[in-house]
Each structure stands twice: as structure tokens, then as C-alpha cells.
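All chains are identified by letter, namely A, B and C, in their written order; residue positions are counted from 1 within each chain.
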Amino acid sequence: MEFLIGNFAELTITGLVLGSVYALVALGYTLVYGVLQLINFAHSEVFMWGTYAVVWVLTLLGASGTSSLAGAAGYLAIALVAAVLMSGGVALIVERFAYRRLVRQNAPKYIILISAIGASFVLSEIMGLRDKIAGFLGLQGVLGDYVNNPRNTSTLPVEIKPEPVLQIGNYMVRDTELLIIISALIMMFVLDQFIRRTSFGRQIRAVAQDPEAASLMGANSTNVVRLTFLIGGVMAGVAATLYMIKVGATGFNVGFVLGVKAFTAAVLGGIGNLRGALLGGLILGIAENYASGILGSEWRDVTAFVLLVLVLLVRPSGLLGESLGRARA
Amino acid sequence: MNNIISGLRARLAPVADRVGTALEPVGRVLGMKSVKYPLRTVGVLLIYALPILHLPLINTENSDFSGVLFTVGTYVLVALGLNIVIGYAGLLDLGYVGFYAVGAYTVGVVTSEHGQWPFFLALPLALVVTMASGVLLGAPTLRVRGDYLAIVTMGFGEIIRIVARNTDWLGGAGGINSIPSPPDIGPEEGLFQIPHLSWQYGYPTIDDRVTKVLHFGVLDATPYFWMILTTIILVICADMLIKNSRVGRAWEATREDEDVAELMGVPTFKFKLLAFAMGACIGGLAGAMYATRVGFINPPSFPLMLSLLFVAAVVIGGAGNRWGAILGAVIVAYLPERFREFADWRLLVFGIALIVIVSFRTQGLFPGRQKKRVAQAEKEVQKLEEGAEIV
Amino acid sequence: MSESEDILLELEAVTIKFGGVVALDDVSMTIKKGEILGLIGPNGAGKTTCFNVITGVYAATSGTISLDGKSLAKRKRYQITKLGIARTFQNIRLFPSMSALDNVLVGADVHSKVGLLRALFRTPYFRRVEPENKRRAVELLELVGVGAQPDEISVNLSYGDQRRLEIARALATNPKLICLDEPAAGFNPAEKLRLMDLIRQIRDLGFTVLVVEHDMKLVMGVCDRIVVLEFGRKIAEGTPSEIQKNPAVIAAYLGTEEADDDAA
């Protein structure tokens, strides 16, 4: 408890940083849920693939040693593009192979969820077996650096050294932390405007409200669904880049825990509600930090689950209420 | 592929019938009403004999065959329990490993960590504790929407693992050691001894390995396999009795249309909770047997992946059909052991299998008779609808 | 016998709002024991909503509903069924992959106390009640005319059989009041005639019937009394001949005749 009070500013700021990543991943859950009323179980793997894109691109570009955030900015910008492409692409693949057929058949929800779980297995195992797969394709020699020890953690080839830029309370906020929070807010704002103002956004909202009516009105719901997955993937790609700046390492199985947390964030804010995802993410990030401050860090990962159960019991529609369709977005 | 199977079935059915008719007099002499039962008895005995027969092709060369059979047995037991939850009641439980862990830890705590209970006393306690944990988890969560349940239960599985890791009373990260085997029944050298076979050039010879009946040693897993097989048979009987009653119908109705079930007088929440508790109890049973067999449990013994593998077993076999679930469990547990070179790939393969099966064969590999008919009806309707579009 | 003892179901000033939509507006009506009451009105008048509030799907925004003098407020849906109200659905909602017989058995199970232990140990209670329910279910299947295929999966039944199976399932709960929501939808004239017979038969067996139906010939032919809804309000009530002459009803129906023709 004393620890919590003494480090209040730090716990809050770093909580917000984590929460920003959760929020961006949560958007993927919330968008797909808003449109299809389905949990995209494989979304955590979409994120995980994005983190690898960052590692691979930086390795490819030959980045090494230590660098300040500003010094690595060029590299990171390229990595961001790669992560966004990777996550967006993987999200589209998930939509195509795990969802489209079943959604068309109007299969029961739990069946589609199982398909998504299958996709999640496949995506994380492909990453975890990539040395064998490369060997199978005869590419191990070429891809050596990228595929060796697939089940160990992969670290960024360049170490980004955060620099303190701003004092809040008794905590010096680092530039990386500031970057993460601000980027997340910007992405949220852009997405919000996109959903509200563009015709694509209108279509997404229409399908979320009433798929049948929307298709009668000319919205191609397959396209809308694909677009929704793509946007979710793009946001996960951004999240993956920010995550790598902060954490610096990833593994083939990082998706699971982060995925559950992001999902909790989405439910906490009100699944289907974009602003809810942001709010839920930030609250969860902070709550985790406080909880581990009070109970000890070994309990950190339980926070999300307990919070999730509590929300579902007390206010299943989340803090801001549900529904992408009702123009809350 | 389908045609081949149904063709085979069509061709084999008369043969089986003829065999049945031929055996009929034998049955009558023995005073049995139908030959079905003696045939089944022979089948069951054959399964009991598996670990001593060491049949070629089936036998696992690289790992102890009885041990493999025991593992397959735990998966089968788990699949039977999970089939009640997923298959009958339609509740997607992704934290089933949690109950398995609770069962294992209960046995670990009372037989080793904090007591010297004999296993056969610890077992009923494990049942009670897992059932209680099922109710505790189910009571708040079964009211929430079905699709959230999956995530909440997954969280439960993780919480169990994290709690075990962080609680010294449960052995912490080190887990619980030297969990005793079940007490032997009968004398030291076993009630009697059964020799194993080995096979050379397709001919069996009697081996010098022997299994001491009802003697639960560390080296020979055969008695454990017999224990779990007996449990499985009892659970299957219970499953049949329950399925074919008001309870089974209530579960099915709830799965098919919860709102309507409620309007037809089914207290759906109560029955969902019952399914959950039953499933938990069977999962705990499997966990308890696992604990006494391996003698050592720690938190990493119960990873999330195991939950997902369990779900894969049930779904691959055909949720809602107990024989399908059993076969699914055999596939998921046995194949990677038999084909060791394939073991690394198993999650990948089962992941692909999940997607393919739910997309193209929604009823699993071994659908129940009813589900097959539903699928057929749906296909016909689809054809009609497609036809209508053309017109 | 005083009149109040004859009343089975009573709605008093029931109002239901969905956001801005007032689906039922201050509706009061009574159903007497043993009668066949018709509930009619244009599409969207609130008939199905009326069923939903009676069977506990929605809670009334205000007003009270009572069965045999017992208030239904705060009761769960399955409790209301157990008290004696059963229904069918405008859009068929059987348990698709269960057999016809099992569908009916689910209804018959309402009053059964069979639980885990009784099923597991096949107690004398079980051995008495389950076969008894099964026998009754078979009888009901025969009554509605689906007796030929008790083991067929309900989605495989013909459309008409599915509709009739819903009636059997509702009857199996042994209700005091059975509510039929457009039971003749999609039926040809011959089937409609048979349905009219069935409805009368059901009443003669001692059930009270509340029926929503668009087919005027059927409604006028089978109902003892009729209640008319329009825009959630009750605009008329009376015997078939009174209703046919009622100017408000004629106006309501003339206004929507085209719409109804489209629907048919």
C-alpha cells in the first residue's frame, strides 16, 4: 500500500502506457464484435505477428546497438509500416479462412468461436515452428536469423534508450511513454473520425446496426466485414510497434495474455463501443499497476480476469454501453 | 470420402447382421437375450487387454505403452466430461484444465502436502471440491451471455494456475512432490500376475514382463490404465442414464434455443449449472488420477493449451456424441505419442483440424445419428434456396 | 358461481414501451375459463407483444397480469409455464435437432421432478413418471397429427407438421391457458379447416385457448369472443358477430387491407 502511495505518479503513468496498448488491441475486438457479434479469438495472434514484423524489419535494416528514440525514429517508422501491413494482412487471412464461410452459413456462435480458436492455434504455432517450416521449404539457410530458436523470446536488435522529458509528481515521464500515449490517442481519434465521417464508416455502422437492412440498402456486408477486420488489424499493428518500443521483446505466445487483457478492456468499456475500448484499456492498465503495487507483481495477470468477471456481473454492457451501430462511435 | 465411408458402411452392415444372426443361437444357449451384449463384452475385454497384448502397429515403441494408454484414458475421461458441457449443454468452456488442476491439487494436498489420506479417500473429496468449484465458477458466469462464457472460463483456468503458483500452501511454483500411488489391494506380489506379450515376425511370444493386478507401482502403468478404464466405463453408463432422461433433454433444449427452453418450463440456469458441475466433477476425476499416477504436479502441468486441446478433442470427434468425443480424445492424445515425429506439429495440425472441421463438417468426424440428419436437411434446404435464386 | 371465479387470465391496464415505441397501451382484458378468445389486429398492433408479456418474455412497463388470481409479475418464464401458460411462436421455434417426440417431452417434463440422482438411479419415481410422460407425448403427437414420425428430427418435418408439433409441445406442459400465435400462417384451406377442428378439440379437452390469427374465417369460425388491437390499444371486444359489425374494427381493417394482402 505504501508502495502504491509513494509511487502513485509512476504507477499511473506506466499504467496509462500499458493501457494505451491494450486499448489499441481492444479496438480490434470491439470492431469485429460490433459488426458480427463475435469474439475474434485470433486477434491476439494478429497482434503477435505484428510484433515479429517489427523485429524482422529492424533486423533486416541492420539496426543494432543502442539508440535514443529520436535516433531510431526512421527505423521505427519503417517498422510501423511493416507491422501494420503484417497485422492487417493476417487479420484478413483470419477473416477469410476462419470466419467468412461460417458467417455466411449463419453458424452458431460457439462454432465460429471454435474456428477462431483453431486459427489462433495455427497462427501462434506457425510462428513457434517457423524454423521447421523454413527447413521444410529449404529456406533455413536464407532465413536463419529470422527463424532460429522460434520458441524463445525474440528481442529487438536495437535497444531504445528512453529519456526523461517531463516531470509529473515525483516521476519523470520518458519520451517513449509519451510517444505511446499520444500515438494511441491519435489513432483513436483518427478511427473515430473515420467511422463517423466516411462512407465506409457509415457502412460499418449500418451493418453493425442491422446487417439485413444494411445489405438491402446496398452495403456489401462481406466487404464491410473484411474492412472491419482490416482496420482491427491495422490498429493491432500500431499497438505491436508501440509494444515493441516499450517492451523490446516478443515471443510466439505473447498474444494470449495480451489478448485476454485487451478483450477485458473492450468489455469493460462496453464492447462494440470505440471510445469504450480506449477508456477500458486505460482503466485496465492503471488497475493492473495498482493491483500489483498493492498485492505484489505476481498477481498482476489475475487483475484482468477478476475485473472481467466483475464487469460481467455488475454491468455486462460495460461502462459506456454497447453497440457500434447506435452511433456512439 | 464421405461416399467411401457410407459405401463401406452399407456393405459392412449386412455382414455384421449375418455375424449377429449366426451368433444368435450361441447367445441363446448362454441365456443371453441379444448377441450385442456378448460382442460388446468381448470388445471391452479387448480394451482391458491392450496394455498386455502390445499389438504391433498400435504399440508405441518409443514410450511405455501402458503409460500412453493411461494418458489416452485421461483425455477420454476429460472429453466425456467436457462433452456434457460443450456437446450437451452448448456451453463453451475454455478453462476446463482448471477443474483438472483442482482435482489434481486436491489429491496432492490431502495425500502428500498436508495429509496422508489414502488415494481412494482423496478421490471422493476431489470430486466434491471440483464440483463445488464448478458451481462457484458457474453461478456468477452462466448468467452472462454465452460467448463471454468462453473468455471467463479461460480466465478461470489461468487464475487457478496463477493462484497455485503464488500460494505456498499449494506448494508454490515448485508444486507438490511425492504424491503416493493408490494403495495396493491384495498381497505384495499382486492379486495374481499377468504376463505381457511381445511380437516377432507377426507371432506373439510371452514376455518376461508381468503386470501385478491391483498393484499400483511406479514402473508399470497397466493397473492405472485399468483403473481409469473402469472409471470411464462407469462414467459412460452414468452419461447414458442421464442423457436419456429429463436432464438430458433439458440440456439439449437449452443448447438449441435457450429462450424457448425457458418458455417451455426448463429452468435453464439450473440445468446449465448442473452440466457445469458434472463436467467439472469428471474433469476433476481425471486430474486426480493423473496426480496419483505421475506423483508430481506443478503449475506448468496445467497450461491453457491443455484446455484448448481438450476442446479440440471434443469438437474434432463431434460434440454432443459421446463416442465421437471419445474417439476425438483418442486421436488428440494417441496420435502424437504413436508418431513422435509428429508431436511438435500437433497443435498446428489440431488447429487446422478445428477450422476445417467446423467449416466443412460441423458435426465433427463422428456425428451422432441425429446431427447427421440435421446436416442433411440443412443441405437440402440450401439446395432448394439456391435453386430458388436461379428461378 | 361469481363471475370472477370464471376468469382465468386478467390483464389490467398493461403498458409496454420499447424506447419510444408504445407496443401495448393501457390494455385490459380477461380470458374466461374454457373459452376460445381471438386476438386480432393489423400487423404491428401488439399481438405478439401481448403474448410476450403474458408469458414473461418482457416485463410490463406498468399494469398487472394475473392467472387464477395470482400475479405473474416477478415470476420467471419457466415458473409462469409451470403455473399454467404455454404458447407457440409466430416464427416456428422448435428445438431443431431434437426428435418430434423429444420436443414434446421437453414440454411434458415441466411437472417432472426427475433430476440428476433420480435419472442416475432410475428410482421408482423415475420409472413411473418418464414412461407416463412419454405415453402422453405420443398421444399428443397423435392428437395434432404428427404421430406417424415421432423419431424424426423436427427440422425434417414438413412445415405444417412443425407448426402442429409446436402445439403438441405447448399442450404437453398441461397448461390452463394455451396461446397460439398465428397457428394457421402458411396453411392451405384444408389445413386451416383441420386446425379449426383441432382448436375446438383442444378446448373440449378442457384447455382455455388464446389465439392470434389473421385469417378471418378461422377466427370468426372458432372463437367465442374476440379482442381487437390497433397500435397497441384495445379498440373493440365482443362476439364474432359483434366484431364484424363494429365500425372501429372495419375502419382499422379497411385501412390495412392492402398490407394484409401483401403479407398473405
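Quick note on the criterion: a contact is a pair of C-beta atoms (placed from the backbone, for glycine too) under 8 Å apart; a residue touches a chain by one contact, two chains touch by 3 or more.
Given the structure is predicted, the values throughout are model-derived calculations rather than measurements.
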| item | value |
| --- | --- |
| Chain-level touch network, classified as line, ring, star, complete or other | line |
| Chain whose average C-alpha position is farthest from chain A's own | C |
| Chain closest to the assembly centre - both centres taken as Cα means | B |
| Distance between chain centroids, defined by C-alpha means - chain A, chain B (Å) | 35 |
| Distance between chain centroids, defined by C-alpha means - chain A, chain C (Å) | 49 |
| Separation of chain B from chain C, taking each centre as the mean of its C-alpha atoms, in whole Å | 43 |
| Residues of chain B that touch chain A when the two form their complex | 86, 90, 92, 94, 140-141, 143-148, 150-152, 154-156, 158-159, 162-163, 165-166, 304, 308, 311-312, 315, 344-345, 347-348, 350-355, 358-359, 362 |
| Sites on chain A touched by chain B in the complex | 37-39, 41, 97-98, 101-102, 107-115, 117-122, 124-126, 129, 132, 256, 260, 263, 267, 296, 298-299, 301-302, 304-306, 308-309, 312-313, 316 |
| Contacting residues of chain B [partner chain C, same complex] | 238, 241-242, 245-250, 252-253, 256-257, 259-268, 274, 278, 370-371, 373-374, 377-378 |
| For the chain C and chain B complex, residues of the former touching the latter | 55-57, 76-78, 81-82, 86-87, 89, 93-99, 102, 105-107, 109-110, 112, 114-116, 118-120, 122, 126, 130, 153, 155-156, 169-170, 173 |
